[in-house]
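The structures come next, written out as structure tokens.
Next, two complexes with chain A in common: one pairs it with chain B, the other with chain C.
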Partner chain A sequence: MRQLGRIYLLAILFFLYTPILVMMAMGFNESQLYELPFSFSTRWYVALMDNQQLLKAGMNSIIIAVITAVIATCLGTMASIALSRRTFRGKSLLQLLLLPPIAIPWLITGTAMLVFFYWSGIGRGMHALLIGHVALAIPYVVLVVGTGFNTIRADLEEAAMSLGSTPIHAFFAVTLPLLFPSILGAALFAFAVSLDQFVISYFLATPGYSTLPVQIYSAIRKGFTPEINAISTLLLLGSMAAILIFARFAKPGDVSDKR
Partner chain B sequence: MTNVNVNAVAKTYGTTPVLTDISTDFPEGSFTSLLGPSGSGKTTLLRIIAGFIRPDEGKVSIGGRDVTHVPVWGRNIGMMFQSYALFPHMTIAQNVAFGLGRRGIHGAEARKQVDAALEMVRLPGFADRMPKQLSGGQQQRVALARAMVIKPSVLLLDEPLSALDRRLRQEMQVELLRIQRETGLTTIFVTHDQEEALTLSDKVAILDKGRIVQIGDPETVYEKPLTRFAAEFLGDSNFLQGKVESGAVRLADGTVVHVTGALPADGAQATLAVRPEKMFVVKDTSPGNRLTARITTVIYAGQALSYILETADGMQVKLFAQNRDGNLLKQGETVVLGWSADHTVAVAD
Partner chain C sequence: MRSDTILNDAARGSSDPRQRRPIPAWVATTALLLPTYGWLTLAVLLPLLTMFVFSFMSATPMGKTPIVFTLKHYRAFIDQPYLINIAWTSLVIGFWTTLLCAVFGFLAAVALARATVGRMRETLLVLLLLPFWTNGLVRVFSWTMVLRENGFLDGVVHMLLPDIGSVSFLYTRYAIVLGLVHGYLPYMILTCYIALSTIDDAIIEAAASLGARWWTILLRILLPLAAPGLISGAVLTFVPVIGSFMEPRILGGKVGVTMGTVIEDQFTQAFNWPLGAALSFTLLAVVLAIFATFSGVLRRGTTA
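Right, the complex of A and B next:
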């Protein structure tokens, strides 16, 4: 039984990471057609530097993801505060309405957004992408920050108030520092949701303004070059760095200090 | 140092009254326990005094100043919570200095006061640790130091000892009492532990269904309960029901019980409360209250013995005795119980 479990675990890790490793390796392979034997080369990275379209799309992706993370985290955190610390009419309905956007297939959300943006005159392009990504990321932020809120006892703020804090001071002195790891996690989540986003981006991009996933997709349709492996590797290393920074700050698994 | 006065306070949530017309005074330097089952409104009353809840009606004043409309942060109270409520991201020193900072005291002066406060709760040298490095009892002491260092007008304790184990709890009780006596701080203590209430307080207030049913010093409340609820909630009690007849009470089986205190008028129904430890087994025929009953259960707890007995007409009676000579009464034995008229109190239902 134990052996079986170990094999299962290895299988999961194998299928998760091998494709990624193969992709990273092929970015450094001389041959365009993935021919073996492997001969090391940085040729595709050099080629990538000349591929303005791919680089621009990569830049767009990062800019959109950062702005999405900032806006969605601010709005989502504020919503989360209201949902976990206050009572108001329609609160449970609002909480319920947060979940479907996560469950609805992106293809449907994307189609709906395209139709709506076209109809309302918002159109397509960077602003439309931003609106779409922020709307998509907010439910994740509310969920992540809300979970963080649940680990912070309400009587900490009460204790601060009994010592002379106004509610606003109590929030900034006590709750916000304790919530910081959750907010950081939520921001990374929002960043990832935006960076990953293909379907909605595909619908809302214009020929002049697109994101990396959209650009990669059209590049693949034209014919695959290992430049894509190269930029994917760069992106992957960037995401890994972000996750490591998060792990450093949030100390996942360490819940004893949240009593 | 100040008194706390609560005048005609009422609070209703929705249509459920939580507190009804509470008026009482907590004198300067007194230690008062609010004792009651959950849902009795004791915590609500404490939170109204603290300022977390605004009463629908009535007035709260601290030291003669009407604070009914003053928020918590303007009341200068010290409060201890059930969960300690230490700020987990701050060191012990930062926790204790929090209230000082809100009062504009920083730097060396704050450090001096923090050290003095930690000294008072016997935790010197803990200043730079984090709360999670401390045991529950130590955290509780820090919470006390944090509440006391701001020199509050009143100390409010919301079941602060209920999360501690028995030994630590007794230690903290002694500590709490020592510090309260030293500082002479008016203290209001919410608890559902009757023993704790009796040990610590100058005054015990028993709450039931949003009302204070009895308030007084622990001996009076224990020895002379006014109501059946008070007699039952604070300690254990036997209740005898009967009809008042020429200054005594005749029970259903004809037994006549004498009472030293006041009784309702002749012919009225009366409920008498007798503490189980005030009863004893009698072998002679000297005068005094008597009741014959058969032992149904014997509970042996080392130093203390409890018996449950039943009278001929099926009334249950409890008897507590000290294990003085190791001779236990046997189950099934029929004995005569005796007790003094002084220890028989007529209570309202």
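Right, the complex of A and C next:
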């Protein structure tokens, strides 16, 4: 039985990884039309270096992801302090309000943002993408940091205060260092959420300002070359690295409310 | 009066001269929460509200056409009966995706919880969840490499059976479902695994020592106990799937017309925003109804 279970898990892994590996391999295949037999070549990666449109979009993606990670981590951590350590009325309602960005299909959220940003004059482009990405990342940050709070004993902070520390000092001297791995994990997580976000970006991008996934999508729709495989490979490796580092800081099983 | 305040000040000063007036708790709490909820209001709540208003407008308020408020977009399912077919397609795709994810994901979670231990289990869990956190668009694109004519699948099949024709099924509904199962299977494995990991081993040992066969244990013990995880996994698969548009477009081609692609069209091609908004809100109503129905299970399933 035990053997059968392991073979089954290997089969599932095969199903999950085969298409990804095939896609990556095709980025190293000489043929423009993805023809086999396979002949190794790095020409598509070389071509990528000259593709200003994809490079610019890639740069935009990274910049947006970094800014999103910084803003979402600061805001989300602050909210998490209040939600984890303080008691007040309406707390469960506020926790419920964290769900829409995660639970409502992004198609609905994305089109709603498009309508509102157009109507209110906020418009589309980089700032609009940032507003959207941060909103999507905040709930994950609150969740990850909140999980971190649960593993820290509240009485450590109280002990510091009873020894004469002010609440603010106790927080920065005791709680924050203990919380640091969770906060760092949350930041990486927010980075990955933003880097992989396509739907929201798709509706808020402009012809002059778009991100890598939006460019990849329009390339897939219009006809593509293995250059798309090459850039996709780099994108996947980037987000996988972020998530694997995250997994070192927070246990992956803890983040149950993801989509 | 004056002497009173002086006395109070003196009393406060004498107790602890260094202590500053503490910030009231509610001010601190509000200051901590305001940035997050302000941001969410601007980015999510106000947009949803605006779209709700738009869904009653007679036309997109861009040109000079006067805007009248109307319910006609919510009658679209009656006025344009082809929408019923499209909605049905979306539900069928959602049903099969969820069912396949549930079966394969539950079994994978059982295998993970019962057939692996320690470091091997941790490694497998990370490997199973990793694809989920990579770009969904790229993963869907990957399937076109496998499923296209003369793609990877054809290559493997022709190596084994050289005489057979192309088995490519890109641009069919099967391809859409396959791509979606690939996308959401890791999530189902996670929710089922979380539910299963809370089960006490002693229950299973007791059942086995009393003579229960493995399928009895699987169906009568593990399945009912994992039900909360299975249901929350199913809800959180079905909901995004019925709102998906990029998977049907890339893997379905011409047959990939779903509610998601119709809504997308209203915003990017047809510029009929009010109709798109009304369809979005109809979809949102379905989503909220599903969440409301399973809210109890979802709360238990995700905090277990």
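Operating definition for what follows: the second predicted complex is superposed on the first by the 240 of 259 C-alpha atoms of A that agree within 3 Å, B and C clash if a C-alpha of one lies under 4 Å from a C-alpha of the other, contacts with A are read in each partner's own complex, and residues count from 1 in each chain.
One rule holds in what follows: contacts are C-beta pairs under 8 Å (C-beta built on N, C-alpha and C of every residue); 3 or more make two chains touch, one makes a residue touch a chain.
None of these values were measured; they are calculated from a predicted model.
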Next item on the list: Kindly classify A:Val22 by the partners it touches after superposition: chain B alone (first), chain C alone (second), both, or neither?
Entry: second
Winner on chain A touched-residue count between chain B and chain C: chain C
Ask   = Who does A:Ser165 touch here: chain B (first), chain C (second), both, or neither?
value = first
Just to be sure I read the superposition right, which of the two partners does A:Gly132 touch: chain B = first, chain C = second, or both, or neither?
second
With both complexes superposed on chain A, which partner does A:Ser39 reach: first (chain B), second (chain C), both or neither? neither
Contacts for A:Asp155 in the overlay, against chain B (first) and chain C (second): which applies, first, second, both or neither?
first
### Task
Considering only the touch criterion stated at the top, classify A:Gln53 as touching first (chain B), second (chain C), both, or neither.
neither
Both partners, chain B and chain C, contact chain A at residues 256-259
Seen from chain C, its contact residues with chain A in the complex are 22, 25-26, 28-29, 32-33, 35-37, 39-40, 42-51, 54, 61, 104, 107-108, 110-112, 114-116, 124-139, 141-146, 148, 150-152, 155, 182, 185-187, 189-191, 193-194, 197, 214, 236, 239-240, 242-246, 249-250, 260, 263-264, 267-268, 273, 276-277, 280, 283-284, 287, 291, 302-303
Per the touch rule, the chain A residues reaching chain C in their complex are 1-6, 8-9, 12-13, 15-20, 22-23, 26, 34-36, 74-76, 78-79, 81-83, 86, 88, 94, 97-98, 100-101, 103-109, 111-117, 119-120, 131-132, 134-135, 138, 142, 167, 192, 195-196, 198-199, 202-203, 213, 216-217, 220-221, 228-229, 232, 235-236, 239-240, 243-244, 247, 252-253, 256-259
Interface with chain A, chain B side, in the complex: residues 50, 52, 71-73, 76-79, 81-83, 85-89, 98-99, 102-103, 130-132, 146-147, 150, 156
Listed in rising order, chain A residues that touch chain B in their complex are 153, 155-156, 158-166, 169, 173-174, 177-178, 256-259
